[in-house]
Every structure is written in structure tokens, then in C-alpha cells.
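Order of writing sets the chain letters: A, B, C and D. Residues in each chain are counted from 1.
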């Protein structure tokens, strides 16, 4: 799993990691019955957690073509066999993108990236110049059309000045439908067309979030502290495990 | 009608230098053995198409078989970078690599267009991104609504290569599990090679299976394990440890080259 | 999530006068019972879409439920004419019927476009025929090759109605055999009704099956025999004799009206 | 089956009907391995006959989505269950028209019609004016794209001045790829861009064919007599039967 346990320790009875806080907070925002387009890693963790807690009817759709997958363990790849075995239906990749994603059948899509700007636009293509890149990143994959086809885009991304930038090196996907950005420090939501810090996680401060942002971060006047992961949430989360970890 | 031949014969007969080749399989059924045969036969200046280049194209690129890559997501799934791909793009080693990158939706539409004998695939995509400035995408206007839609040029590979679980003795092929974009790859290609886990007397119909009749395929080669380190549903699991192990192997040019020599070049053709 | 309700409730709740409705099923699984319910509930001024109107639309047209028909082949398969369709077009009885006719390829592309949330379907078609002068078809130019291609407006019915073999208690649906254009019909429609032969505890995966999850369907009604005189693969055969018998019944307005009174209007809703 | 036995009696040992002559002659023109897009009636009869005689590898594709169907009895409808049960693959109707027909995978397509002109253009839409038709015909169905997508179009049509017309009331499909027209009287092939009588069936004459054509019919200088159906062909043909007849 990418971004595996970072060892940040939270306040409250049970210690938890930044990844766990991010997964729990993203999971809380999924409504029962939501149809979610999930990738691997934290998004998959968050969506599977939701199915095991408050949103058992949450439908997991993986871009590999599996609709309604119910994995018992977290898949390491979006094409793991168990996804097909437990799915309500498996469709071809062209059908997945045409009928299901573009068809407007997906409520929530999760995205990550190497860079994000204040409007929620994302870069997962290159760092540096396109023709002579400092770092060639994997590229857009499903992101460009996920960002424009689902109702709500959830971004999960660790906060740092290198990731939260004033200007993207490349715009891989549009921020138009980004509803929330869950980071390791807090939660950002678009307010007046700009991502605004609305909550900080226990153990983090507004100044931490400001320092980890490459632009002058707007902070909501009513900025909250995120509720720590509840023991039940952590238990369900840790019970998930991953094949990769076995 | 497909001929049942050895993989080395299939590649020798059907794949030439400078060909456009698509090896597909979405995480599942990735035709790694066929990729290794391309390396063994020293193909050069290939244009290779694949949604997710994965380890198989990292190897082809690192061995200098590839002039141009057409793709949509070039990482090592769940692990990180494809270092041979990055080394070629960032440092031109072993040779410069031309990129044509699309989104998954664009690649899928391009394969479907090729299979449909259409010159382009139509989709709502590429809008409000920097992709149009860097790739081959056009826009068409709906004659009824006036909306602008993206048009991606159809994929029409010279050769499409996939891996499937089974073929019968006539060369009819069946694959099941996650079937990805393989049907479109075969139907979009001028010629098609299918490697299979086994050849059976009769293809027993299975839920969710894709069946490709012998007459849309040129060569079928029996290559058990031909998808490893990817997996073949019902035969073997994905070798997740290999994908993790590929990270340090691919990071270093010499370690990579030694690995290919030992595991590909000095391995026997099948 | 689909609700499991009676057919009469499904039609009452979801289908209104002046709606655009598509009842699909390509020879197999034609939703005749749903068509009869539309007649019993006296729907008017419907625009009905169907590749092959078949007996089910001959009946709707003859009973004056239809203002406009969108179709591609309007005959009685293997028998001859649809006389109620002809009487409406040729003599305006019981009411004039507006036609929008396409080719099968155009209709299929229009459904696929609707399911894909595209405003039009793209195909090589309608060229060198008199159809473009008589139907809704446009042409777009390929930005890469300059070729002209046909564009058919996407089908986006208010309600799509299909018949399937099975649903489970959550309203997930499975159909198999010849699956036609039913998946596209459901996904292209704003609302979807599925009648089924039976409701089972668990959908057992089957070769060649189409599975539609409950959350793309609005209502599921259990209507055994709901496809007759069409057939339900694995349940009952096509009643070829009925199609032959329909010829004299439909030829005469009074015989037709009497037949509908006896077999549809005076039959009990299910 | 449409156009069922017309009772025309042929010369030669065994009596045969016009339909049988038409089916046999169309069948003879199918090469082993040809992929045929077949409709119901005579085309289905011809293609199934070919599979039972000289072209066992002939592949039958029905527009209902069945690829490689091997019916034991002649189907009455293109959607008969047996077609799916005996097919190598069953695909959706959109896939059939997009990937298989438009995709250029079909060698031979059979067409019938109400009217044909000297260029092989067909009308199966209306007789009379489109808005106020004398007869509203079923319409194009698969014909427009079959006519433009397959390599070779075979037309099977009974010859009469009402069907073989100087001017079509409506052009439903293009004659560009029409390679042969098999009628109840003889065989027409395009020569110099115009359908030309190249063979007459036993029992018919060139004058019969001329009289049954609404334009001044071109006759090949080397016009032949069609070979009568061989006993083996008739036996195989009659063994086919049809569900409708049972």
C-alpha cells in the first residue's frame, strides 16, 4: 500500500497513524449506497472501511471492470482476482469508462496526485518541463475523466509545500468537482472557489497546515478539530489488512 | 483461422521491426512471455501501445526495443515507478523514448474505435487539462446539441498480443475473470497473437468469459505461466512479491541488464 | 435501488402520457406483458423506441397509445407485415403515426451513445441511401482523416423496459441467451423497469449473462411468461404459431380490437 | 419461411422448386470458411446448406448477436434460442454491428428487398411516396450497413417487373457491393456497372427473364444455363426443414 503507516501518533485513547486518520475521515464522508470509483491504497482502504462501518451498501467500482466488488482483504492491485470473484458484475474496460463512468453512474471518485493547486486541479503527469521532466510521473490513468464524470471528487494527499503548490507543472485533471481534500494534517474544502482549511486533525495545528502549503492557505473562521478515529473505526480498519502485508 | 504454433515462431512470422504492437491485459493476463520473446528476437523501433505499460514494457524499453510508447498510466501498480521507462524519458537511456499519452478513457475509446473500424473514438474527456497540448486528440462538434467532444485517433496495431487461459484445437480462444480491453485489442489489430495457459479439446462456456473465434486470430501459442508475474484467473495468482522485487532490479541499469540476460536472453524460447 | 413491485404499480408510477418509452428485447425476451399493461392503463401520445417493433408495438399502435415510433425494422419476423403499424401509417387509423426510422446499426449506436452519456452515436452508415433525407442523422468529419461519418442522436428514453429471466430479492437482474440491446436500453434510460420470470434468492452466474445491478433499475416486477409470444431462454420457447396467427388477427381492425379486449383489457393486471 | 415453395418444376431427375433452385445456387457461391451475415428465409437456407455440403467451415453470423451458430433446424426467427445454444459466441447487438459488421469481419451478406434497380440498389422501405405510401414496408433493418460493410453482397429476390424496376421508390441500401442477384428465373451479375443476366435456370428462358424485368435487361453474350440442383444438394436442403414447418 502506498503511504503506509507514517507513525504519527494521535491524542486519545488509541494511537493511530496519519494514514489511518485520512482513511477514517474519507470513509466518514461516504453515504450509505454511494457508488464509489476507487483506486488502490488509501481510497480502497477508506471505501472498504465505510462498507464495514456506517455504509454497508456502499458500492465499490474498480476501473478494472469490477462492479460491486466485496473484497475480504484489501487488494494490492485494482485487478486482483478477488475483485472479480466477489463482484456483482465484471465488464470490459471500454464499457467501464463509457457506460459506467462517463454514463454518470458513479457518485464518488477518489483521486491522489503529486501536486494540487488551490482550485483542486491535480498533477500526476510530470514534475518539471514536459519535454525534459525532472520526474516523469505515471500519468493520468483514469483521473482526467473521473474528475469530470463523478458527482463528488475526494482527494487524499499528504500535505507539503512540494505537493500543495502555487502553480502545477502539468494539469492532469480539473478541480471543478473536488468536494474535499483529506490530508495528513487536516481537511480542506472549496469555499468561494478556493480550497480552505476547515478542520485540523488532533495533534496538528493550523500553522502546521499553513507551513505545509505552497500558497497562502485560506483558513475557515469556524475551523474545527477533526474527530479522532474511534476505536471501532480503527478496529475495522486494521481488520482489513492487505494482501501485500500478509 | 489461427494456427497453433510456438511463441517464437508466432513472433518471428508476425512481428517486424518498426511495427506498432499492443500487448494488453489489464493487471490480469498480461502477456509477459510474449514480451520476453520480443526481447529475445531483438525487435527494434517498435511503437508499443498499452494502457498500463507495467513491468512488461519497462523491460522492452530498458532493452531498447521501443521507439515510441502510447499509454495512459505508467507506474508499477501498488509499488511506485517504472524506472526503465523513467530512465528513457528523463535520461534517454538506452535510447530516447517518444511518448503519446492519453487517459484510460481515451485509450479504451481508441481501442474500441479500432475494433469498430472507425477512424476515431468519441468521448467526453481531456477537457480542462493540459493533455490536448501534449497528445493526439481532436475535438468534434455534436450536430444536434453543439457540444464539443473529444476525438482520439483509433488504435490500429500491426499486431495485437494477448494472453488467455484456454484455446481449443481449432484456435478458438476463451478468457475469463477481468477481461479488460483484450477483445478490442485483437479486433483492432491487423494481426493477432494469443498465448494461452493450455489447449483443451473443448472450451467449456464460463460466466463472464470472452470468446474469440479462431478466424479473428492469426497465431495461438501454448505458454503455461505466460502471464507471470501477472496472473491467470483460475491458474495462478498475481506474484505481488515480484512487482515489489522489480523496484530495486529496475532502478539500476546494470542490475536490470543482468537480470534480463539471466531470465530472458538465456532462457529458452517456447 | 430497485423496488420489487407489481407491474401495474411500476407502470403507474413510472410511465406517463407523452413519455418516450423503449421496450427492448431482440426477438428474445420481448416485454409483451409490460406492453399490455401500458394498454390497460391507457397511456397516450407515447413516443416508442424499438429496433424491431414486433407484435408488442403493433398492439400499442393499434390501441392508439403511440404518437411517434422510432425504429429500424417493422415487420412480423418470418411472417410478413405488422398490419396495425401499416394501417396507422397508410390510413391514419386509429391515429396518424409519426415515424423516425433508422438502420439497426444506427439504433444500436444511438442506444450505446445514450448509455455512454454522449449526445450522438458515431458510425459508418446511412451513406448512399435515401435515409438521411427522411430521418434524424447528421454527419461529422474525422479531425485526423477528414472522413465523413454518420452521427445519430442518442436515445435517452424517459423509461426503458426490458424482460429478464431472474432478479434476486435486492433487485439485481440477470438475463442470458441473446442479450440484444437491453443493457444499453436500461443504462440509456432515465428510469428503468424490468419484468422477470422469477425472483430467486441468489443469482447463479451463467455463461453469456448480462447482470444489471439493482442501483441502475427503478422497479422489478415478477411476471412469469411476461415475454410471450417471444421467448425466455431456459424457461419457454418462442410461440411461432402465435406470430403466424397474429397475421389474420391484426389484418382486421375489429378482429384486432376484439382480441385486445379479450386478451388484454379484460385480463387481470399482474 | 417467406417465399415458400412455388411449385415450379425443373428438368432433370428430381423435381425442385424455385426456392430450392435459388437456395442451392446461392449456397454454391459460398466458399469454405466464408463468414456470412445471414437473415431468415432463403439466405439462412442457403448458408446452412453450404455448411452441410461443400463449405462445412462456413461461419454463420446472425444479427441477433450469434457468431458461429450451427442450427440443426432452420430457424424461423434470427433470434431463435438454438442459435445462441450452438454459437461459438453470443455478443450484444451494439457489438455485433460495431465490432463485427462495421469492423469488416464479415465476408458475405445476404439481402432481399421489395425493389431492385439495375445497379443493385435496394428498396425495403416504402412503395409509393414516403409520406403517403401505398405500402409501408418493414424498413431497412440491417441492410444499409450490411450493404456497405461486407465484402460481397448476395441478393436473393424473385424476378418480376414490380420488383425489378427502372426507378426505386426509396433507396434503402447501396448496390455498390452487390456481386450477384439470384432470382427464381436466373442469375444476374454486375458487368460494366449494370446487372446483367449471366445464367438462366432450367425451365426458364432469357425472354422470361427480360419479361420479368422493369428495365431493358442486359444479357451476357455467354449466358449459361444454371446447373440443376443435384440430388445430394436437394437431399441436404430438404433435410434442413424448418421449425415453422414442424
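Methods note: a residue touches a chain if its C-beta (ideal position, glycine included) is under 8 Å from a C-beta of that chain, and two chains touch if they have at least 3 such contacts.
What you are looking at is a predicted structure, and each value in this text was computed from that prediction instead of being measured.
Peer 1: What shortest step count links chain A and chain D in the network of chain contacts?
Peer 2: 2
Peer 1: Strictly by the touch rule at the top, which chains does chain B share as contacts with chain D?
Peer 2: Of all the chains present, those in contact with both chain B and chain D are C.
Peer 1: Farthest chain from chain D, comparing Cα centres?
Peer 2: Max centre-to-centre separation from chain D belongs to A.
Peer 1: Provide the C-alpha centroid distance between chain A and chain B, rounded to the nearest whole angstrom.
Peer 2: 28
Peer 1: Taking the mean of the CA coordinates per chain, how far is chain A from chain C in Å?
Peer 2: Centre separation, chain A to chain C: 41 Å.
Peer 1: Using the touch definition from the top, which residues of chain B touch two or more other chains?
Peer 2: Residues 112, 116-118, 123-124, 183-184, 208 of chain B touch two or more partner chains.
Peer 1: I need the residues of chain D touching at least two other chains; which ones are they?
Peer 2: 98, 102
Peer 1: Name the graph shape formed by the protein chains and their touching pairs; answer line, ring, star, complete or other.
Peer 2: Other.
Peer 1: Write out all the pairs of touching chains, ordered by chain label.
Peer 2: So the chains that touch one another pair up as A-B, A-C, B-C, B-D, C-D.
Peer 1: What does chain B use to touch chain C in their complex?
Peer 2: 116-120, 122-124, 136, 138-145, 147, 149, 151, 153, 205-209
Peer 1: Touching residues of chain B toward chain D in the complex: what are they?
Peer 2: 1, 112, 115-118, 172, 183-184, 187, 211-213, 215-216
Peer 1: Where on chain B is chain A touching in the complex?
Peer 2: 26-28, 51-52, 71-75, 77-78, 80-82, 85-86, 89-90, 101-106, 108-109, 111-112, 123-131, 134, 177-181, 183-184, 208, 210, 231, 233, 237-238, 240, 243-244
Peer 1: Going by the contact rule at the top, pick out the chain A residues touching chain C in the complex.
Peer 2: 33, 35, 57, 59, 67-68, 88-89, 98-99, 102-105
Peer 1: Name, in rising order, each residue of chain A that touches chain B in their complex.
Peer 2: Contact set of chain A toward chain B: 1-2, 40-41, 63-66, 76-81, 83-84, 90, 92-94, 96-98, 101-102, 125, 130, 133-145, 148-149, 170-174, 176, 243-244.
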